[in-house]
Amino acid sequence: MARICTLSEAIEENVRDGDSIAMEGFTHLIPYAAGHEIIRQDRKELFLIRMTPDLIYDQLIGVGAARGMKFSWGGNPGVGSLHRFRDAVENQWPRPLEIEEHSHAAMANAYEAGAANLPFAMLRGYIGADLAKVNPNIKSITCPFTGEVLAAVPSIRPDVSIIHAQRADRKGNVLIEGISGVQKEAVLAAKRSIATVEEIVDELDPPSPNAVVLPTWAVSSVVHVPGGAFPSYAHGYYARSNAFYIAWDKIARDRDSFTAWIKEHVRGGKPEDFARHVGKRSAKAA
Amino acid sequence: MARICTLSEAIEENVRDGDSIAMEGFTHLIPYAAGHEIIRQDRKELFLIRMTPDLIYDQLIGVGAARGMKFSWGGNPGVGSLHRFRDAVENQWPRPLEIEEHSHAAMANAYEAGAANLPFAMLRGYIGADLAKVNPNIKSITCPFTGEVLAAVPSIRPDVSIIHAQRADRKGNVLIEGISGVQKEAVLAAKRSIATVEEIVDELDPPSPNAVVLPTWAVSSVVHVPGGAFPSYAHGYYARSNAFYIAWDKIARDRDSFTAWIKEHVRGGKPEDFARHVGKRSAKAA
Amino acid sequence: MSIEFTPTEMMTIAAARALTNDDVCFVGIGAPSAACNVARLTHAPDITLIYESGTIGTKPDVLPLSIGDGELCDTALCTVSVPEMFRYWLQGGRITTGFLGGAQIDRFANLNTTVVGDYDKPKVRLPGGGGAPEIAGNCGQIYITMALNKRGFVDHLDFITSMGHGEGGDHRAGLGMKTKGPTRVITDLCIFEPDAATKELTVVSIHSGVSRATIEENCGWPVRFAETVAETPVPTTAEISVLRDINARTKKAHEAA
Amino acid sequence: MSIEFTPTEMMTIAAARALTNDDVCFVGIGAPSAACNVARLTHAPDITLIYESGTIGTKPDVLPLSIGDGELCDTALCTVSVPEMFRYWLQGGRITTGFLGGAQIDRFANLNTTVVGDYDKPKVRLPGGGGAPEIAGNCGQIYITMALNKRGFVDHLDFITSMGHGEGGDHRAGLGMKTKGPTRVITDLCIFEPDAATKELTVVSIHSGVSRATIEENCGWPVRFAETVAETPVPTTAEISVLRDINARTKKAHEAA
């Protein structure tokens, strides 16, 4: 059974120094509030896992919380570079960042294999691509029936996975709606997991028997954090702040302006601050 | 784009003598009307694929339409034996039936691998089980990262798959709701596919963005056959006729009574006959 | 006051008692389904019941005839595809307890539901394994419910559909299986548990009014009894009435449909 | 009457024209997204657009800034998980046309979006491949849109993120790839297609008002021209107005949000 608790408690209990951690959400439902709490609690030596590192990992990398990162596309979507990520890789600032780079297909398959308790994933992929030459975690496997050769990658089994979702009920069952990305897989592949949610309701009342639901016994902690996905979005609650994504380019381009932003908005902030984004943005919600 | 046509046309165009054919539906949404049309059109030498052969394949086996069958559980659920299946295996009546037997997990994974265009599926399975000794299509594969040994089975790639679903729109997009089994995988794994549906509507209007929908360009033919899943059921339309499943035991136990039943209800029947089961049973619908 | 009850009722209730509120249970049809739902309607209201059709957290009001009756989906927390059920939930190691039965069982709790006789020329062709081979391997532990008689409890299986403790001892662990396998076999006459070392099924509890001789007469191998054998507590009024109520509702529903 | 248009507008419209009603199109962000939606709003109303976030059959009213904007899900036929998108739909061979762009391209339409310089000590760390390596391999064919300039069209790639025609000739088929790979590269100055035999990119159509010299000056390798080179028809009033309308709506939406 998931424990319903505060964000501070959830991070305290589930995220440890040195952990491999997956914070997922494919553009949608990115758990920003949880990312900020990890920075406030000063976690160190994390190995970050995420298909699209996005601003959330740019922030964790920029404060020096990460020893390494496994990823498949490290940009600011539709805007440009992740400057903190680039600064870490190009200039080792604020510290070197070990990278393990894959394609989206490989990452998605590796999460899927992790959820299915398999040691590796196979795919028709990486043919003619140089990534296989620089990443020793891309190998091959031969079909025992046809002799075909396929790419193989290790499954992803994070110490902890964190997601944001629309709703949980009071037992801790969690509903995800809209673009669901790899969140279900990330939670099921992990040893421990946290779901932050927009609302906690009496009845989950999914819109269809086939809705994306994580049962309470498959999640470690559930936390009520309205607006917790800002500047990403929550389908049915608030829209993506494309303006913030555009603004981030300038904030993150410079080490000092980044550090000042973190000091003011993250170290000086709290989970409840995210709630104001719901009101501000709800007019755009579906 | 799927062609919306009659059941007779759909079977005529998509099902050929000698085909490997998957008719799926896990207790729910079993495409019985399509099975009857295949018998009426006298298809021969079919290789039947289905996790739970159920009454639908008991009928096809009993009329001698099948040369072989790949399956994982061949009983009348909650009732007992499939007598026509047993008669074929035990006494070669009306003809011998080649069988390829798997577990549910292996079949489900093999459909999944077929949909994903992979040549084989792997699973943690069959350990200590004798099936691996009698089925040469159960092999093993070694993880290139951990050295672990997993079971491997060929993916399922039917010539044609047939399913029954709740609704299609006029473009041929198909919605499945409730217990969705392996139907999506069966359709995507196949060269050709038919969906019979309870209703054809102007707007599909799925209840959630994450509903189970097959786009029109992933299906060959869509056919309006109300009641087409009887005596199985269609969630939201009519309930399972448990009474018919119980009655089948007596009908199928004897070769003559089986043949008489087929003559009267299948060879002498038509797809429109299924519609009466909707009215009769709609009181039980969800 | 004494309650009248049948051996089958005793078997179902003994199986129900083995379940707890924290169990996530992979339910088979027949006796397991009755036992799991009696547990849910008595001492374990928060138990999670999963049927292999993909229904998670289901709370049926009548027992399903098939593994995928509409009732299971209507009352479930959610319903997933069958590949997802077998991949993420069963193989994923998320199920604490699996329930199995079979046509035949041997002293190491291996099960046969495939054939009597030779596989290629069977005397009796049974339905086959369905989910059993991987339920046996991937659930945290396995409970088995079967009526005790010589047709079912046999000295030698013609076919091992799903592995229990194999040839006993550490055979199972030696094949790399990390789950416990069968930890309890609940019959209409008694309850067996595997011996800690040899893994041979051993009678640990005898149902009220049953003699050791009756157990021995109905089992196809020389029965071992534990050093201390308990008497299974008789069904309570509440247990019996919940079981009979659900059976009555089920009968009515299946006949009507 | 002549219409004023920019080279970028010409590029987008030329790309849109390459698409048909029957296409099932895997859409990238930026120029591909504009081209696909212009096609949908002009000559190909029934085209199926798929974004890698899992949205199938989407009909956005404004262009998404990211690959997973809410607009894509709101207007989609359905939305699937990302593993399903990459397994059943892309790898499943269900996509007829994939759209790619990149930081760098070579004469065999291989693309680099990973690094400039050495992989371990990059001069510029680019975002990486994302979906590109498997889009390049698993879609029926690939269209590429990129502005033609020496920074992007280079003689040698530092890193092959996604394979086009490799070293040319039958290199691609020799690696077991059954899909066509890049069949068209649409730039702001001209359109390239791979030579049937050598697979080297060859100019087949030049946009109105552009000289061969301009193309040669902006390309990092000696440009080949097809025997017959067409002049790309200028945008129609309808095409331009659809493109400008959607760009205007998009700008307004992104600034507001």
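We call the chains A, B, C and D, going by the order they appear; numbering starts again at 1 in every chain.
Throughout what follows, a contact is a pair of C-beta atoms (placed from the backbone, for glycine too) under 8 Å apart; a residue touches a chain by one contact, two chains touch by 3 or more.
Because the structure is predicted, anything quoted here is derived from the model rather than measured.
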Steps in the shortest chain-to-chain touch route ending at chain D and beginning at chain C: 2
Inter-centroid spacing, chain D versus chain A (mean Cα positions, whole Å): 28
Distance from the mean Cα position of chain D to that of chain B, given in whole angstrom: 40
Junction residues of chain A - those touching two or more other chains: 117-118, 123-124, 148, 178-180, 184-185, 206, 209-212, 235
Where chain D touches two or more other chains, by residue: 73-74, 79, 87, 91, 138
Pairwise chain contacts, counting only pairs that touch as defined: A-B, A-C, A-D, B-C, B-D
Footprint of chain C on chain A - complex, ascending: 1, 115-118, 173, 184-185, 188, 204, 206, 209-213, 215, 217-218
Chain A to chain D touching residues, read off their complex: 26-28, 51-52, 71-75, 77-79, 81-82, 85-86, 89-90, 101, 103-106, 108-109, 111-112, 123-131, 134, 148-149, 178-182, 184-185, 212, 233, 235, 239-243, 245-246, 281, 284, 286
Interfacial residue positions of chain A with respect to chain B in the complex: 117-120, 122-124, 137, 139-141, 143-146, 148, 150, 152, 154, 176-180, 206-212, 235
In the complex with chain A, residue positions of chain C that touch it: 22, 24, 48, 56-57, 73-74, 76-80, 87-88, 91-94, 138
Contact set on chain C toward chain B in their complex: 29-30, 52-55, 64-70, 72-74, 79, 81-83, 85-87, 90-91, 110, 114, 119-120, 122-134, 136-138, 159-163, 166, 171-172, 175-177, 253-257
